[in-house]
Amino acid sequence: MLTITRDHELDPVLRPVELVERKGIGHPDTLCDRAAEEVSIVLSRYYREHFGAILHHNTDKVLLVGGRAHAAFGHGEVLEPIYLLLSGRATGIADGQHVPVGPLALRHTETWLRETLPHLRLPGDIILDYRIKPSSPDLVALFRRSGAPLANDTSFAVAYSPLSELEQIVLRLEHELNTPALKGRYPQIGEDIKVMGVREGEAIHLTLSVAFVARNTPDMDTYLDVKHALTRLCGEWAAEFTRREIHVAINTADLVDEGCVYLTATGTSAEAGDDGEVGRGNRANGLITPMRPMTLEAAAGKNPVSHVGKVYQVFARRIVDRTRAEIPEIRAAACAMLSRIGSPITEPQSVAIRVDSDLADAALRDPIARIVREVLDDWETVRDGFLERRWGLY
Amino acid sequence: MLTITRDHELDPVLRPVELVERKGIGHPDTLCDRAAEEVSIVLSRYYREHFGAILHHNTDKVLLVGGRAHAAFGHGEVLEPIYLLLSGRATGIADGQHVPVGPLALRHTETWLRETLPHLRLPGDIILDYRIKPSSPDLVALFRRSGAPLANDTSFAVAYSPLSELEQIVLRLEHELNTPALKGRYPQIGEDIKVMGVREGEAIHLTLSVAFVARNTPDMDTYLDVKHALTRLCGEWAAEFTRREIHVAINTADLVDEGCVYLTATGTSAEAGDDGEVGRGNRANGLITPMRPMTLEAAAGKNPVSHVGKVYQVFARRIVDRTRAEIPEIRAAACAMLSRIGSPITEPQSVAIRVDSDLADAALRDPIARIVREVLDDWETVRDGFLERRWGLY
Amino acid sequence: MLTITRDHELDPVLRPVELVERKGIGHPDTLCDRAAEEVSIVLSRYYREHFGAILHHNTDKVLLVGGRAHAAFGHGEVLEPIYLLLSGRATGIADGQHVPVGPLALRHTETWLRETLPHLRLPGDIILDYRIKPSSPDLVALFRRSGAPLANDTSFAVAYSPLSELEQIVLRLEHELNTPALKGRYPQIGEDIKVMGVREGEAIHLTLSVAFVARNTPDMDTYLDVKHALTRLCGEWAAEFTRREIHVAINTADLVDEGCVYLTATGTSAEAGDDGEVGRGNRANGLITPMRPMTLEAAAGKNPVSHVGKVYQVFARRIVDRTRAEIPEIRAAACAMLSRIGSPITEPQSVAIRVDSDLADAALRDPIARIVREVLDDWETVRDGFLERRWGLY
Amino acid sequence: MLTITRDHELDPVLRPVELVERKGIGHPDTLCDRAAEEVSIVLSRYYREHFGAILHHNTDKVLLVGGRAHAAFGHGEVLEPIYLLLSGRATGIADGQHVPVGPLALRHTETWLRETLPHLRLPGDIILDYRIKPSSPDLVALFRRSGAPLANDTSFAVAYSPLSELEQIVLRLEHELNTPALKGRYPQIGEDIKVMGVREGEAIHLTLSVAFVARNTPDMDTYLDVKHALTRLCGEWAAEFTRREIHVAINTADLVDEGCVYLTATGTSAEAGDDGEVGRGNRANGLITPMRPMTLEAAAGKNPVSHVGKVYQVFARRIVDRTRAEIPEIRAAACAMLSRIGSPITEPQSVAIRVDSDLADAALRDPIARIVREVLDDWETVRDGFLERRWGLY
């Protein structure tokens, strides 16, 4: 069931207050999302290679328990390791062949952690554990059936386009602060970066929390210099998106006089107490946008074949993106999709599209219906894209 | 900053499709929410009793790893226990006196589990573990300062009133199915009950997943009889809220001919593989409502003093409830609140209220402003209410 | 191969120094032994009841990690729970029926803990966890074969009789201090009691470590009074066995002037740091006797069918006990048995008996050979006795 | 108190049956001993470097829970990782400076595991966890006092010299089979090698259990060839020590016709079910010798300063070694030492020496007394030797 309605208030800029947040790649919640998704990727690849199909798994529950650390200018070390517990279900046997789920998951987790958190010492600073249990063997056949997979649940997904100014700014800032180039220039910057953007009327307030790497920050002057430089840079990056007034503040809880600033040993607050879980941070478009429709479904870690809580997020996003790209008269679009449990994922229970456009209904319906159909029919591209990390999910 | 705007589309019934879900008290995600909140309650009471103030803690991260079980008509048993890991931070020492955080948390968790899941055998069917770590001792003084606490974060909360027909139905169904009275009549019904409501135009489809207790269900006839009776009861309960057409379906994945129906040993799917985490299920009003504004903040387990991700949920709810109660001309109201980190919780960064009303602006502003002020000033009632479980949170 | 040799120095009293130790029932190592053995008992009973035979298991690895506690006169509480991890292998499936190994083990452990450590609060003061893994299903048939089981290993066992004076005293003291009668009279006494006996020539020094229960010990006077009374009692008990000079000292590390004495919340030092493992404490006769031959085999937790590291301990003990009972001219006897892996347990590789007797060889050989044969042939009594805790093992 | 007695039966060769065993470096129990001792070493070095003294710790409790693996000719992999839990107590803070006990322990454990078990894939094939808890801070001063440390316990140690033929053979075989040279020649040989030696009269039976590395063993022919070559080599090595008749048998449980032989993925049986604990395997001289006096004290992991359960093992060994080296007329010697809790470790409660010699008493007493005194006075060499792994301990 496809419904198309008009909505001239899709752009949140029409509201007096707008709130947008992003938890960066080194934030405990984002680390959990990543951990869950990476386990899904490594298992999917293994299943495909060994059994010719991605087999059943859902590894979308991960808990990170923060450690204890000491950080001071020029020196930082973890005193008590972080604890990361992977959990979920995964096919453990197929065709009489056992799958080394635990070793695969643990090995792969360590690999991406090394890249993502270069200041975390491995082994030693984190304990990797898992309690991924075997799925029902009955599911093997189900995952090998030909044709579109059957939706595993009644699930809901949303997407919208374009991003608002503020949304683009928040995404961009975290991205820029985590580029290797910037890290080369400012080795003081850790990976745990949180960007909170609030627009009140015409003023944009960007509040960043940036973990500094103690070892690379010899003294308060360096700290303040870098913070100052970043403040300036963030202002410049933000200005590329807006003409509104921009205020940037970094690490507002610093007490400079007391020498109490945001230093870490590892570049992430997970080292000292901040816990994390999957699905508690960014939505599938990388943002937390409480004024926009959002789904609670955590896409990360779910199986990319039949879990509509994951697959439909990308379907919805592709629909709005193509809608705007192919029908320029549509200024903004939002898509809400609902699956029907047990039906092929290509046959949703409802697809509700809202558009901001002056086009006549007649001019909208057919092209949008065609796009929806094509996106659904192209489900294999979506599925395979997860294995290549082509769709951002957190 | 208080803003009041008009919105005549607050009622989701105006949309062609509406989706509402509730994960019942025995669902793994809800069990995690409960576990987190109960640890906060038992600690808060202990702190108050021993130190005269609720001290710092945030125990809002819990992971439940499902077990393995066998269930057949007339017989059920857990083969591999569920694993529940409590995590977070809590003040471990104050006034030189140590707090038995672990024993308190574990003991209390077992107590409420016994009540909530009477079919779970304790000890044996679940392993309770914890990794709650000590908070910074510096926070003790902060939690003892007089006056309104300082907001610990920039956080966002939403509430709306009234609930739509569908929302009321979904809440009511799960509630009724978990009353002792009904359990007395139908001892076959477990505690893990999920209600999914979809309204498509004028038709309401209620899909329930109800875990049956194998031990109390001797055969297929009993199972089908009870399922049939529940289907009828749910239809009757729903009909009290709506004149729309109602369709009820329970345990749609049953394969009756193959003898494959939803039986459990313990009344919860946690026994066999379903994992859970805090904040992955119901929002603070007990519902998942993807078409409504929602916050991702998990209220459960956060400290009831300064954690605005918890406190503001109740502030916002009280504001809309009183607004509608005291100004009958307001048909519907929604409130979005944003805290200002470091400021007293009574001084939010913004309170944005949308109302559906024909009253003139002048007639709205003052009474609403007064209500907001009074709700904020009454913060101690909100704080203390958490300790008495007065505010539903999940 | 039976060898009988003469040894007139079997009695350790012939040596100038003798050392004997017993770790009481509440000592962390003994708790681990008990935990291992109780899991074996509960599984053995379950297997026998459900499958008609005791199936394969070895649960002889347990780790206890001490907690953290606070104890002062009149008050004691656990601040951080003890952690007990059960481990090993056990048959998880037979005749297509799954065995609830984890729930059985956890439930039963809690049951005996409640009895054995009445001052430990359950739940709360201890976390029970397990990592018992499934045995190979191939072993099911092996454990059901008729006739004498096949020895699982080449293993060595020793026993001797009679106990020396000092050995008897050490056993008796711990026993008396842990009787309900004495606990009724002196509720100050905990369960963690260690008795170390040293005989130097004609002087016997008994050094006891007795955990006091803080809650039941209101002040230093009570502590000293009870300690004094126990010292006197121990002297009296010891005097029943010897005419040697007896010196008793209890809790020698007490610093009375500094108020620093041996108080506990729970009656066991496991509450505050003392860790334990299986096989690190008493040998199968309940004693640690470094001057006597000892085996390192931990009997506790091993399967009572084919594990010669367990079964042979009792065989050897029965042989020496009957030898002395039936041949009064034998003043002392020791037996060392060696199994032959893969052979029936009734066909040892060697049985070496040493006796202190003036009887002629001819008068010794036949009766002893007969006793050995009868003890071996009576293997089912030995096996079944484990399930009834008839043979002390630690 | 020094006592010297004569004993002409010190050599076990005088007994009709002799039993000697060694669990090789890759055996689960030996891995636990090593793990415990290595944590002690890395902590001791850290303490000395940062605080000028080895501070209090006892990390002599470790549990290894075996994994699950698949091995077939030419291929092996771990399906479920091994789990290694380090436990004990260690000083966590001194001079206001925190000690990264967990990271140090985990990092170092991984380092030596990589060397010792080259076929174990790290990370992935093993989960390293720890529950080492902080020692009492009061102990810091105690460990810094000058002069000989005070004995922490009443503890017993034994040593004897020389090793019997059989003892030497058992030690040598395991050693040879684990040399890099032999591994270069036979990459099929894993690290988990158990040698059991039984001498019955004049016949020596050597039964070896040798884990083969599946990946390096393409087929049954290779397996049998290597087994055959090893059998021959072992016979040759053994013949260097004895003129008795030698029988060597390797992997006697092999069922060659059924293709069922001892293959592993990692070279250790820990991969598939064999659990381990500290103190359950070799005594401090590397052997299990049930016919000899043995102490149950696990030396591995104990602090090398004041833990007489560790230190006295080396004292006793040095005493017998020097006694035989310096007094050639002594054919064999054994030493049993008992500490006195609270007294300097240089002042034992008793030192009992037995010698097999024809020398007159007068000729024995003075030189032995001098040796004992010198060994005790040289306690710092013993202490420091532990940090350099100079004394074999398991």
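In this document, chain identifiers A, B, C and D correspond to the written order of the chains, with residue numbering beginning at 1 in each.
In the analysis below, contacts are C-beta pairs under 8 Å (C-beta built on N, C-alpha and C of every residue); 3 or more make two chains touch, one makes a residue touch a chain.
Bear in mind that the values here come from a model prediction, so they are computed numbers and not experimental data.
Undergrad: From the centre of chain D, which other chain's Cα mean sits the farthest off?
TA: Chain centre farthest from chain D's centre: B.
Undergrad: In angstrom, rounded to a whole number, how far apart do the mean CA points of chain A and chain C lie?
TA: The separation of the two C-alpha centroids amounts to 56 Å.
Undergrad: Once you find the CA centre of chain C and the CA centre of chain D, what distance in Å lies between them?
TA: Roughly 25 Å, centre to centre.
Undergrad: Starting from the mean Cα coordinates of chain B and chain C, work out the distance between those two points in Å.
TA: One centre to the other, that is 50 Å.
Undergrad: Taking all chains into account, which pairs touch?
TA: The set of touching chain pairs is A-B, A-D, B-C, C-D.
Undergrad: So in the complex, the part of chain D that touches chain A is made up of which residues?
TA: Within the complex, chain D contacts chain A at residues 70, 77-81, 98-104, 106-107, 110, 121, 123-125, 127-130.
Undergrad: Using the touch rule from the top, collect the residues of chain D that touch chain C in their complex.
TA: 1, 3, 5, 15-17, 19, 61-63, 65-66, 68, 83, 85, 87-89, 131, 133, 135-136, 154, 156, 158, 196, 198, 200, 207, 252-253, 273, 275-281, 283, 288, 290-291, 293-296, 298, 336, 338, 341-342, 349-350, 352
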